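Next come two complexes built around chain A: one with chain B, the other with chain C.
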Partner chain A sequence: MPKLIIDNIAVEVPDGTSVLEAALSVGITIPHFCWHPALGKAGACRVCAVKILEGPVKGIQMSCMLPAQDGMVVSTGDGEAVALRKSVIEWLMINHPHDCPVCDEGGECQLQDFTIAGGHGIRRYDGKKRTHVNQYLGELIEHEMNRCIQCYRCARFYQEYAGGTDFGVLGRADMVYFGRQCDGPLESPFSGNLVDICPTGVFTDRTARFRARYWDYDMAPSLCPHCSLGCNTIPAARYRELLKVMARRNDAVNGWFICDRGRFGNAAVNAPRRPRQPLVDRQPVGWDQALDTLLGRLSEFLELHGPGSLAIVGSPRMSLEGNIMAARLRDLLGAGTICYFGSSKQSEPALEAANSLTPDTAASQADVRSADLIAIVGCDLLEQAPMMALAVRQAWRNGARIYAVDCDQTTSLYAGEVAPALSALPFSEAKQPVIIYGTDHKQPDSSDDAVRSGTKLAFILNGPNDFGCALLAREQGAVPLADALAGGKIKGLLSFEADLTTELPDAVRVLAACDWQPTQLMQRAEVALPATAWIEMEGTFVNNEGRAQRFRQVMPPGLPIRGLGPDGHPPREFRKTAPGSDILPGWRLIADIIERLEGERVDVPLSGRWQKLQGINAEDAGESVL
Partner chain B sequence: MEAVLFGHNRPDRAVTFDEYCAEGGFAALRRALAELSPAEVQQAVIDSGMRGRGGAGFPTGKKWSFVPRNLPGPRYLICNCDEMEPGTYKDRILLEKNPYLLVEGMALASYALGVQHAFVFIRRGYEQAARNLRRSVAEALSAGLLGDRILGSGFSLELDLHQSAGRYICGEETALMNALEGKRANPRAKPPFPAIKGLWGQPTVVNNVETLANIPAIISQGPAWWKGQGATPEAAGTKLFCVSGHVRQPHCMELPLGTSLGEIIDGPCRGMRPGSVFKACIPGGASTPYFTGEHWQVAMDFDPVAKAGSRLGTGGIVVFDQNTCMVAATLNLIRFFARESCGWCTPCREGLPFVRHTLEKIENGYGAADDIEILREHVHQLNYAFCALAPGAMGPLEGLLRLFEDELREHISARTCPFKTR
Partner chain C sequence: MIPESLRHELQQRVAQAVTPREAAVDVLKELQAHYGWLSDEAVVEAAAILGLTPLQVEELATFYEMIYRRPVGRTVVHVCDSISCWAMGGETLLSQLEQRLGIMAGGTTADGALTLLPCSCLGNCGDGPALMVSEQLHGPVTLDSALKILGRF
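And now, the complex of A and B:
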């Protein structure tokens, strides 16, 4: 644990920490471009220069390259260091275009910040700037090479961190070019991270191009709803329209990155077909009328068929809060069946995960990244949980052995050997082994006993809240919807953000459905109740490892301003409320139904055994429910 | 002095394998394998006081001693023949005249270092040299002087020739290793040094062609004899000087290390061209600060040249006469370095074009007094580049500012290059 002094502040850091990281740990930001916490040092940009006054080395040093050592006295503000940093900025600005007003990065640009901070205001270079021809990199990422400051972050991420092969460095000297051999969409499923890691505007989010400045965005810490991993995100919205999604750092989960599905796959939030208006028998009505009709028809139904023929359907797409409220509604109505999963194919892996994971055995993405032996069982990892595949790659880069059991692992991310069974793997030689079970894996058989204790497990599940639903399903004795329907007893459904996996018999009434997406159930519903999407509300998802994480409200619900008036012009009339803004989160809607039935205020969903999840801070690493 | 490197040379062609052997070639290798342990070979090189001939002048024996003996896995020897320093062509001449010296030297060095796989990394343009080398390797192989169990000893060596795609930066040893591994030729961070973690992460020694070609003589004639070939007591061995520019007879010659600049020019080069008067020279390749008439007596050895404010470098001397514009000469060099930057670090990639632009302005009569300050700043700041390319490029510029500031100011005040109007 070296002890050093940086700008008169005593710092003690673990061995191998760079001076730059040591400074960051006490809140001193030394300018940097090529250094990135996930990509490490490169020593290329030379802007992190500091002066070492005392210690084993002296003089001007690059703080990213220099390991902190005992007895060092570091000055970040020394005149010589400041002069060099100023020179570096001047060099970088020789060719950087002054196009900040039309650059999407403007306002969130590291180069802009450090140029201002470094005091480079007067241009001494009066020659021509070098220019490049940009490439078409697909519909998602815009390429503007003239802005490049050659920090090599993009190539290092794309090739080294993410295993991509179709993008890299070309050319030399001041004509170094970062791109593909020819125009064409980037092939890596992690290409969107180029937008996040580029310290200036070479790679920008094409889907959000020219839409807003950083300070215009509605932003809040949120989660990705696309698979079970619960990667942390920052969605950015403006005027009730989701514009883009950025990765949010969580060292235990996704680290610094997210996959392209999580970044670019969220158009449904803005879709014009999204339900915004309560419907009764497909006719628009007010909220009161919709709920009154629902209660009327519900009591009729219960009188006619009895509560045993009613199924309450929750969903792994819905927040934990919504699913808890669904269980309370079931208790109140005495409904015969509660469903959380569409089919047993969905529920079984989730229940298996809930039954077998303990705080000691649950493997986070961070555990996978630091594993030295990884067995992937029955899983198309890149398809089912891309970021987990990226985590496996990091372990592989550090020398971990990767084995595939009952599945094919042909990917450029890592090289896995095919193994006949788990029992054939050298678990006893490994220090930190992890088994990743996919949704296609068979139930563990006796050979899994060969796996020594201390092996961590990761289950790849389907939805963002599969694990939470599995806990509730176990507690509530839930059955998958397909099984419940097959029993033939069910005559009516109340569905909350649920999806159908089987044909719904005509005889089964969908008394009401609540969702933010125009699903089949919403179309069948006698009473269709629109709800808020996850970024329009606060809530909790429990990810595949049993980690409960909070997402916060990013933007208010309602129709995006764009599209309200003709030709995309904002509306010309004045209203106090935004159209479509009177929708509620799923859990709140269920609470309303319960309140109407019972006539008294309903408790918050996270009470009783869920109490401990109430205090989760969305910016923290989450809370284990194991 | 006896010729150590050029003793076997034929005037119009390369020496043949048989001629080389008949004149005592490969005797050193035979002797070492029969009589000497690897440690004794290394000790002989240490005793000889040999300093690397590639430009930096680092003691060769000391470099070898950094290689850890107890690490598992292979060790590598690389001969750096990516000779691309403007004004330097000694390695080419050496290989075109006598490639066997390098083969024998590499075999000896590999024996001393415990290397079983050695590489020659040769510049693409050196086609004749590569042909010679390839032929000599084949001849040595069939004579049992390379390959498995050389001369019946327990020592085996595979010697591979790699014709590089080639750039100046490939001469930087860590960039060279990246290039050899098939990666972009960007320099690597040091530490770890190549002797610990080099080619494919294994201990690696990188030596210049001339350095390795001297090893046979050190072994066959003894380190004391070899050391005695220098012109002064401090100078060890001989040195290839390749002279170009405005002298009567520019060529590559072998002279005792420590021969004075004046002796080189007036002796083997037969003085300046008719009508030419010595104005300045690059003493050791394009990255070394200029010498002028006041340096005429400087002994061309590592320490005396450094003391005189320049570097011996590769021994590539480029002589300028009185009609040479030093601004234009420096600009020409800076253009080369700016083009040859690998593009990895900012000072080199962006700083050198800034210098080039500033010198272009001054040379073309658009310079301002402030520009001299910009140049001076760059001489200082480019020291903080990632590798030695940019600091090296500042060598001639530093010389220009120190020795020819008047000429610079004349360009600025006359608003033109005075040599164009004269």
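And now, the complex of A and C:
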């Protein structure tokens, strides 16, 4: 544990920590481009120079390359160091185009920040600049090589961290080029991280090109709803339109990155077909009329068929709050059935996870990254949970042995061996073994129990709130929707953000459906109630390891300005709110229905056993529900 | 397309190497000898022989300056532009050669006989200014002796 002094502040850091990291740990940011916490150092940019006043080495040193050592006295503000950093930035800027006003990175550009911070404000170089021909890298990422400052972050991330083989460094010396062998879409399912990791505008998000500046974005900490891992994101929106999604750091979960599905797969939020208007028998009505009709038809239905023939349907796509409220509505109506999953194929893995995991055995993505033996059981990781595959790759890079049981493991991310059964694996030799179960794995037999003791477990589930739904399903005695329908007793549904996995018999009435997507159930619904998407509300998802995480409201709901042609123009009338902005989160809508039935205001979905989740800060690592 | 015999020979060489990457430069040089330069087709063929992606081969091919990714003349003249040779007049040598051969650095004579390339250190610092013609090192050279070597005096 070396002790050193940085800018008169005494610091003690673990062995192997660089001076740059030691400074960061006490809140001193030394300019840096090539160093990145997830990628480490490269010594390529020379901009993190500091002066070592006392200690084993003296003089100007690159702080990212220099391990902190006992007795060092470091000055980041020494005149010599400041002058060098200023010169380095001037060199880096020599070939950099003066195109900040038309560059999408402007305002969120590390090069811009450090250039200003370094005091290089006036260009002295008036010679010709090095120029490059850009490549077409697909519809998602825009390439502008002239802006490159050769920090090598992109190639290091793409090849080393993410195992991609179609993008790298070409050329040498002053003609280094970062790109593909020829034009074509980037193949890695993690390619979008180049946008986040590039310290300047070489890679920008093509889907959000020329749309808004950083200071215009509506932003908030949010979560990815595309699989069960609960990766942390920062969506950026403007004028009620989701423009792009960036990765948000959470060391316990996704680290610094997200997959391309999470980044680029969110067109449904802006889709013109999104339901934005309450409908009764497909005719537009006001909210009061819609809810009154619903209550009227509901009481007729209950009178005619009895509560036993009504099913309340929640969903792993909906927030925990919504699913808790669905259970309360069920209690109030005395409905015979509550469903949280479409089929037993979806519910079984989630219930197994909820029944098996304990605070000691639940493996986070961070646990997987630091594991030394990983068994992947019945799982196509890249398909079901891409970021987990990236976590396995990090373990593999650190020397972990990877085994595949009951599944195929052909991927460029890591090299695994196929094993016949879990019991054949050398768990006893491993210090931090992890088993990852996919949704397709067979039920573990008793011999698996032996290897599972002392081993951490990760279950890959389907939806963002599968785990939360499994806890509720267990508590409520829920049955999957397909099973409930097969029983033949169900004559009517109240559905909340649910998806059908089987054909819905014509005889079953969809009394009401509430969703932000135009699902089959919304189209069948007698009363269709639009709801807010996750980025338009605050809520909680419980991820595959039982970690409850909060997502905050990124943008207000409403019709996006973009895409409104002369035909789609909203009514030209004076109003204080945006068209389509009178929609509510799913849970709030259920609370409204309960209020109309009961007469009492319902405000707090997270009560009772869920109360401890009330105080989760979206910017923290989350709270275990185990 | 390279002849089957060459492909077979290269595959054997790759099989004997500790890692395929170790044999990569050898394979590139053989393909370059066959085609006269490393064509796009050759990059793809090399990738198949080495079990690498075309990008991974391109990374190597564009790093080494004696792998030519564009067509070159029958003889390639590398003129050192590193510091020792520069101190001994390498810069003047290169510009005089440009004038006398009637081509710019990087160019090829109209008859396709000569390509003139500046290159970084040839490891002949004690005998600067140095140049290399068809893998043969020369130095110290003057304009006259250089042209003699090239048969253009």
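Side notes on the structure shown:
Here, the second predicted complex is superposed on the first by the 613 of 626 C-alpha atoms of A that agree within 3 Å, B and C clash if a C-alpha of one lies under 4 Å from a C-alpha of the other, contacts with A are read in each partner's own complex, and residues count from 1 in each chain.
Keep in mind that, in the parts below, a contact is a pair of C-beta atoms (placed from the backbone, for glycine too) under 8 Å apart; a residue touches a chain by one contact, two chains touch by 3 or more.
Treat the numbers as computed from the prediction; the structure is a model and nothing was measured.
With the two structures aligned on chain A, chain B clashes with chain C. Once chain A of one complex is fitted onto chain A of the other, the partner contacts of A:180 are limited to chain C, with no touch recorded for chain B. Using the contact criterion defined above for the overlaid structures, shared-chain residue A:92 touches chain B, although it does not reach chain C. After overlaying the two complexes on the shared chain, residue contacts for A:65 are found with chain B alone; chain C is out of touch.
In the superposition on chain A, contact of A:171 is made with both chain B and chain C.
Within the superposed three-chain model, A:46 lies in touch with chain B and out of touch with chain C [touch as defined at top]. When the two complexes are overlaid, the chain among chain B and chain C that reaches more residues of chain A is B.
Of the two partner chains placed by superposition, only chain B is touched by A:150; chain C is not.
Shared contact residues of chain A with chain B and chain C: 169, 171-173.
Listed in rising order, the residues of chain C touching chain A in the complex are 43, 52-59, 62-63, 65, 120. Within the complex formed with chain B, the residues of chain A that make contact are 41, 43-47, 49, 60, 62, 65, 83-84, 87-88, 91-92, 94-95, 124-125, 127, 149-150, 152, 169, 171-176.
Contact residues of chain B toward chain A in the complex are 167, 184, 189, 338-347, 349-354, 357, 370, 374, 377, 381, 384-386. Here chain A touches chain C in the complex through residues 165-173, 177, 180-182, going by the rule given at the top.
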